[in-house]
Structure formats: structure tokens, C-alpha cells
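What follows is chain A paired twice: with chain B in the first complex and chain C in the second.
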Partner chain A sequence: MGQSMYIFLLVGFVGFAILAIFLRDLLKAAISLAFSSIFLAMIFFHMKAYYVGVFEISVVAGLITVLFIATIGLTKGQGDVKERKIPLVIFPLFFIAFLFLDVVIMNALKTQMAVLSGKPEVPHFPQVLWGFRTLDLVGQIGVIFAGVFAVLALFRKGGTHE
Partner chain B sequence: MLFLFIAIPLAVASILPLLGKISKRVLPDLLGNLTLVFLLGYTLWIGKELSQAGGIVQRLEWLGEPLAIVLVLDGFSHLMLFTVSSVALCVTLFSIDYMKHYGEKVPYYALFLMMIAGMNGLLLSPDIFGIFLFLELSAIASYGLVAYGLGHDELEASFKYLMLSAVASGFVLLAIVLLFGLTGSLALGDIAMGLRALPPSPLVWVCVAFFVMGFGLKAAIVPFHAWLPDAHPSAPASISAMLSGLLIKVSGIYALTRLLFNVFGVTPTLSTVLLYLGTLSMVVGAFLALGQNDIKRMLAYSSISQIGYILLGLGAGNPLGLLGGLFHIMNHAMAKALLFLDSGSIERATGTRDLQKMGGLASRMPLTAATSVVGSLSIAGVPPLNGFWSKLLIILGLIEAKHYGFALIAILASVLTLWYYLVIQRKAFFGKLNEIWRGVVEAPFWMSASTVILALGCIGIGIFFSPMLKTWISPAVEILYGGTVHALNFLGL
Partner chain C sequence: MNSFWFLNMGVVALVVFLSIYGLLTMKNLIKLFIAVEVLSKGLTLAWIVTGYAKNHLMTAQSVAITFIVVEVCVVATALALIVNIYRHTKSLDIGKLTKLRG
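Our next item is the complex of A and B:
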């Protein structure tokens, strides 16, 4: 796996993510986000984080894209919404600043990070989840429930507060 | 059993939609309030054990096998748990009558309890990723609650809040990744130990900066405050009370303080940063509050200003300053929740939040007016109310640390605070009654009862401030003053 392949995957990941923000057509934006997610999953696979890669493809690129497309299919257009042009100028500036921070500073500092410079000892995924991070599962279950309840609250009937 | 602080609200929230089918009106109110009564009672009960042991570490087991669930309670988290459960109970009591005109209550209470579970989890987790996860849980629940009214303003405010909160989460997550890279652990104690062993590195400062930006956004510290003046006024009053009174303190101030004091260790440079950020928030928040006509927006800006006081107390770094800062967390939570609930009573009675349209409401809503005066004077720091003592301690702490300039600014900002709170009182409650409000009546029983309880709390804590300081605040100060040693001895797993 060469450096060029990583760069290709990163460019694909970031490029489709940016496209998802700037595309005005919601359907195309959702599909672009799915492509971005596939690139991210490929990066995970190449970093040998197979479980994360599988979750990324199945849940983010798969399930969430289906949900997005289904929801977009249910919505009706309500006329054009005027959008500000400022993000078009500000976003590239922020993006360049971020790239500078990421490439120059983080790259220079990564040798100082003990975990990155040493050889990782990777326990098996279920062992990590059940043996070390059980509280995270409780939190994750809570997050999922909170998301579901938020959707129930937002789509409840007759709840508009006048 | 510390896990009950997370499990009970999570479990009740999860079964509410099913039980809500049986009774849509009574059961959600009953379950929501009973859960908070239990949490408050349990917080008080566990305090006895805590005072004897000095700290509680709980490792959960399942059928004799240890689970990787470790929770820790010390003086600081206990103070915050007490503040959360007591204020949240008053808010749920208020919600019994107030939420009637928002339609179905089941999703409201489910989200409310999720938010409580998230805050409790954050307070009890000795693991930085656990803190992040529970921070997200409370945040996601709060997005839904801010938008609960489903109006244009509510949805826009919720979206803005979500976007800026996501940025904050990004900063926090990035800092966590860096810390894990540096120390190879996510446990607070192990991170503190790892950082001690490290040679001086700019990467540690990058982590601190990301945490200050991330948690600063959550706490709405100036200049990271843009989301708060939209989100807090747009939410239902009960949720504004929770956000301004509790959530910004738990997910912003508590998390930041815990990390800076017990994990990184506060240096003079860091203290100076806290002092300047605190002063900026205090002054900018106060001036912005002064120009508002929307009562809830004014209260929201006031929250930014009061967060500044808390930071000043923490930045002073001495026991007196810390005592004042932590005491102000509790006092501001009570007084600001009270004022937001009162604003909800006014809005419900008059249909407006515009101070220019109000006037003379004290004759129609005497209880709301009286409790609002108590809350206002408390936040303004008028003796003998609770806010006076915490502000006094902060200012004394600053003087003791020889930060005379910051102390003077704090006093002047307090005068400014009194000014805009008197403006609220004069415009809303006093003067000649506006004819269109002649039909206005006092808020229903539960709404009035909850505000009266909070007002009595402000007065009671003010009168009995000495035992309050000894019982609740001093143990928390000892934890912070213990610095990283506390983390090494207690939070290392």
C-alpha cells in the first residue's frame, strides 16, 4: 500500500464530503455523502480496522443513505430558499487553514505520540468492547434512544407551539 | 450503586413510550417526577457514604463476572449531581402544567430523562471517552428539546445549536485522540500520570487549546457563545432553565474544570487564560444583556456573563476563588432556572416575551413577580441571597491572588447585572398595569410551586451559606485543589 494510494483515498473522502455540503440537490448530496463514507471505510480497511470499516459501510454508507433518500422522497419542495454566499468564500479559507494544521503541525508532532510511534498491541474487537469499554455500550444505547426520541418529538402530531 | 444514576433515567425514558399508551397525561408526569425525586433522594443518601469514605469507586459485576463499567464519585461530582437533580426536579414539577400546551408529553419526558442520564454519566465517568459519549447523549437529547415547539424559530435555533455543538464535539474528540496518542490511555488518572512522565511538549498545549475551544463552546464562553442567545430563548421555558441552569455548566464548565485541574494541572499561564476568558464573558455578556427587549434573550446573555464569574473564581486558583466559583455554579443554576421558569409563566399568561409590551404584571401575578425579584437579586449579588456570597468569595479570591484589576471589573459587572435585572423587574412587573393584561391570572399550581421552591432555595442557601459551604462546596474545592494528585490516587483505574 503506497503513500499515493492513501492520498487518493483521502482526496476521494474529503472531496465527496465537500461536494455533499455544496450540492444544492439533496438527493445528489446524500449520494455524495455515501461515496465519501465508502472512501473512509476503505481507509479503515487499509489501516486494518476491519470492524470499523464494516460498520462504516453497512451503517453510514448503507443504512443512513437509505434513510436519507427515503426521507428526501417524502419531502415536498417549498420554494427556493435564499442562501448566503459567504460560506463559498469562507469555507476554502478554513479548509486551507485546516490542511495546514493537519499536514504541517500534526505530521511534525506525530513522532512524539507514544501510541503512534510504538508497535500497537491490538486485542480482538469483542474483547475490547466487552472487556474494556462496556460503559461505552451503555452510552451508545443511550445515544441511539435519544436520537429516536428526538425524531418522535419532531414528527409528533399537533405539537406545534403557537 | 452509582450506576443507578445513569440506569434509572435511561430505563424510565426507554419504557415511557410504551407506558405512555396507557395514560398519556398522568403517567409521563408521574414517572418523570418520581425519577427525579429518586435521584435527588439517592444523591443525598449517598452523601453520607461519601463523607465517610472520601470517595466512592464502583466496579460493576454481572453474575459474578466483572464488567468494564467503572464509575467514580467524589466531592466535585457529588456537588454537581446534587445541583442537577435538585434543579431538574423543580423543572419537572413546572413541566406538569407548562408542557400541556406543547401537546404530547411522552417524547418530552423521554428526552428530558435522557439528558439527565447523559449529565449523570458525564459526572460519574472517570474515562475521557466516557465523558465524551455522555456529553453527546445529553447534547442530542437537548437538540430535540430545543426544537420541541416545532415553530420556525425553534427549529432554526436547534439547528444552529446542533451545528456549533458538533464543532465543539469535533474539537473535544480531536483532543481526546491526541491525549490517547500521547499517553496510551483514556482513564483520567492514567492520562494524568502519562502527562507527568512526558517531556514538555507543544502537543499538550494543543490538547488544552482544543479542550478549551470545545468545552468553551459547550459552556458558551465568549468568543464561543454565538449559539446560546438563539437556542435558550427559543426552547420551552423548562428546557431553557435546564440548558442555562445546568447543561452549560455540566457539559462545559465541569468537564473543562475536571480536565484542567485534575488531569493537566493548572499552571499560571492557564490561570491567566481562564481569568481573561472569564472577564471577557462577564463583561460582553452583561453589555449584550442590557440591550435586549426579549426577556428570555436577556436571561440567556446573562448566563454568558455569569459563566464569566465562575471562570474568574476558577482562574484565581486559590481555595477562596475556587470556593466562590463552585458555589456560583450551584447558585446560578438555581437562580437562573428560577428566572427562566418565571419567564415561561409570563409568556404563557401574556403570549409575549417582549419587555416593552409588559408592565404592572405584579398585581396580576404576585407569586411570579416575587420569585422573579428573588432570582434577579440573587444573580445580581444582593445580600443576603446566595448569589451574594458566591460573588463575594470570587472577588475575595481575586484580591487574595492579587488580581485587583479583575476584582474591580467583577464588582463593576455586578453593578451592571443589577441594572439590567432591575430593568426586567420594572418593565415586566412594576409600573402601571397595561390594560391588555387585565385578564391575566397567576400561573397554575405546579408552575408556581416549583418557582417558590427555587426562590426559597435561593433565600435558604443565602441565610445558611456557612453549612452549605462546609457540606457541599468545601469537599469539591479539596478535589480541585488536590490537582493531578487527586487523579493519580483516585481516578486512575
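Our next item is the complex of A and C:
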């Protein structure tokens, strides 16, 4: 994959992120978020980070989008919320100003900061996940159970105050 | 490799700026949470790019996967909260949550 293709992926990622934040229709915003995730996953594939790329597509672009769409359906979409127009109108000015600052600062840092380096890691991904970061997996199981019980508690019928 | 890292970090800074702008200007609860999601995508990119640049891609991936699992649980809980808030207030406007004041 060439450099121009990589730049295209980065532009697609940022472009869909902008759409996700500023589109008025919530359903279109959620779908833009999913497309942004797909572009991010392709960036990960480009860097040979295949495992996290697959996770990004299946979990973030898939599951989280389904959760967002279900919530939009349950809350009947936009409701009575009217977003202000001024932030949307002045956003391009802020965006261009930040982009300019970003390029200037990053170029300045590039000449001043030391080149990143590190020893190549020997083990493969399963060795890292199951061998070196086993406690992470225990934490993940705990977080999943916490999430499940939180959702169950929030959707429990018959509160005590009723 | 160094310019590749800086290019990607520039994009991460842009995405973080975008999400903070959204968080500061939006009123709809779901839109606010979409902005949080965009922020988390930027941070995941920062992790993976740094791991790639420092030749520690496997460790970066394992941390990013842990982060994604946490993210899913947070999203599920927050969206359940949003649905409950909507049932009580019949609105997704964050301005109408002032009733929660003590």
C-alpha cells in the first residue's frame, strides 16, 4: 500500500469523524462513526496490527454501532433537542486554525525530539496476551461483568421509589 | 519512521480537538457520547502508532484490545443511562438535566 493510499485512509478517518460529530441526523451520525472505525481498522491493517484491526471492525464498528442505533430507536431520534448553529458555522475557522498550529508544532517537534527507537520484541501476540499481560485479561472479565450488571440494574423493573 | 509517527500524532491531535469541540458545543446526549467515541478512536490510534514506531506492536495491540473491551462496557452502560434519562425527562437535551441539582 502506497503513501498516497495511507494519506487517503487518514483523511477518510478524520472526515467521517467530522461527519459523525456534526451531522444533525443521529442515525447518519452513528453510521458515519462506523465508517470512521472501518477506516481506522484499515490504518491498523496497514501497520500490520491485525488483531486490533479485527477487533476495531467487529466490536467498535459492529457492536457499538448496533448499540447506538438501538438507543436512537428507543429514544425516538432527535427529540426536541435543537443544536445551536453558531458552533457549526465557526467550526471551519477553528479547524483550519488548529490544522495550521498542528502542522507547525509537529514540524518543530520533529527536528527537536529524538528519533523513536526500541528493541524489537521477540514474542508473538498470543505470548504477549496470555503470558505477559494475563492480569489484563482478569481485569477485562471484571469489566465485562461490571458492564452487564450495570445494564441489568439500569433496566430493572419496579424501582423502590414508585 | 519519525515523520510517520509525527504525521499520525498530528492526526490524533486533530481528532482529539474535534471531539473536545463536539463535547463543548453539542447539547444532545447521544451526540456527546459520539464525541467521546471519536476521542477514544484517536487514543487507540496513538497507542498503536507509538507501538509500531517503537517496535512494540504486540504489547500496544494487547493494551488497545483491553481498552476496546472497557470502551464497549462504558458505551453499553452510558447508553442504558441515556435511555433511562429519556424515559424520565422525555428529552435528550443536556440542559434539561438541571433537575439533578441538589
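Quick note on the criterion: the second predicted complex is superposed on the first by the 105 of 162 C-alpha atoms of A that agree within 3 Å, B and C clash if a C-alpha of one lies under 4 Å from a C-alpha of the other, contacts with A are read in each partner's own complex, and residues count from 1 in each chain.
Definition applied: a contact is a pair of C-beta atoms (placed from the backbone, for glycine too) under 8 Å apart; a residue touches a chain by one contact, two chains touch by 3 or more.
Small disclaimer: the values here were computed from a predicted structure and weren't measured.
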item	value
First, second, both or neither for A:Arg156, with chain B first and chain C second	first
Which of chain B and chain C A:Thr75 touches, first, second, both or neither	second
Which of chain B and chain C A:Gly147 touches, first, second, both or neither	both
Touching partner for A:Ala17 - first (chain B), second (chain C), both, neither	second
Touched partner set for A:Arg133, first chain B, second chain C, both or neither	both
First, second, both or neither for A:Ala97, with chain B first and chain C second	neither
Chain A residues touched - chain C or chain B, whichever exceeds	C
Chain B and chain C contact sites that coincide on chain A, given as residue numbers	109-110, 113, 115-116, 132-133, 136, 139-140, 143, 146-147, 150-151, 154
Touch list for chain A against partner chain B, complex	105, 109-110, 112-116, 130-136, 138-143, 145-147, 149-154, 156-162
Residues of chain B that touch chain A when the two form their complex	6-7, 10, 13-14, 17, 60, 67-71, 101-104, 106-108, 110-111, 114-115, 117-118, 121, 125, 127, 129-130, 133-134, 136-137, 140-141, 143-145, 147-151, 154, 178, 180-184, 194, 201-203, 206, 236
Touch list for chain A against partner chain C, complex	10, 13-14, 17-18, 20-22, 26, 29-30, 33, 36-37, 40, 43-44, 47-49, 51-52, 55-56, 59-60, 63-64, 67-68, 70-72, 74-75, 78-84, 87, 91, 94-95, 98-99, 102-103, 106-107, 109-110, 113, 115-121, 123-125, 127-129, 132-133, 136, 139-140, 143-144, 146-147, 150-151, 154-155
Touch list for chain C against partner chain A, complex	1-3, 5-11, 13-15, 17-19, 21-22, 25-28, 30-31, 33-35, 37-38, 41, 44-45, 48-66, 68-77, 79-84, 86, 90-93
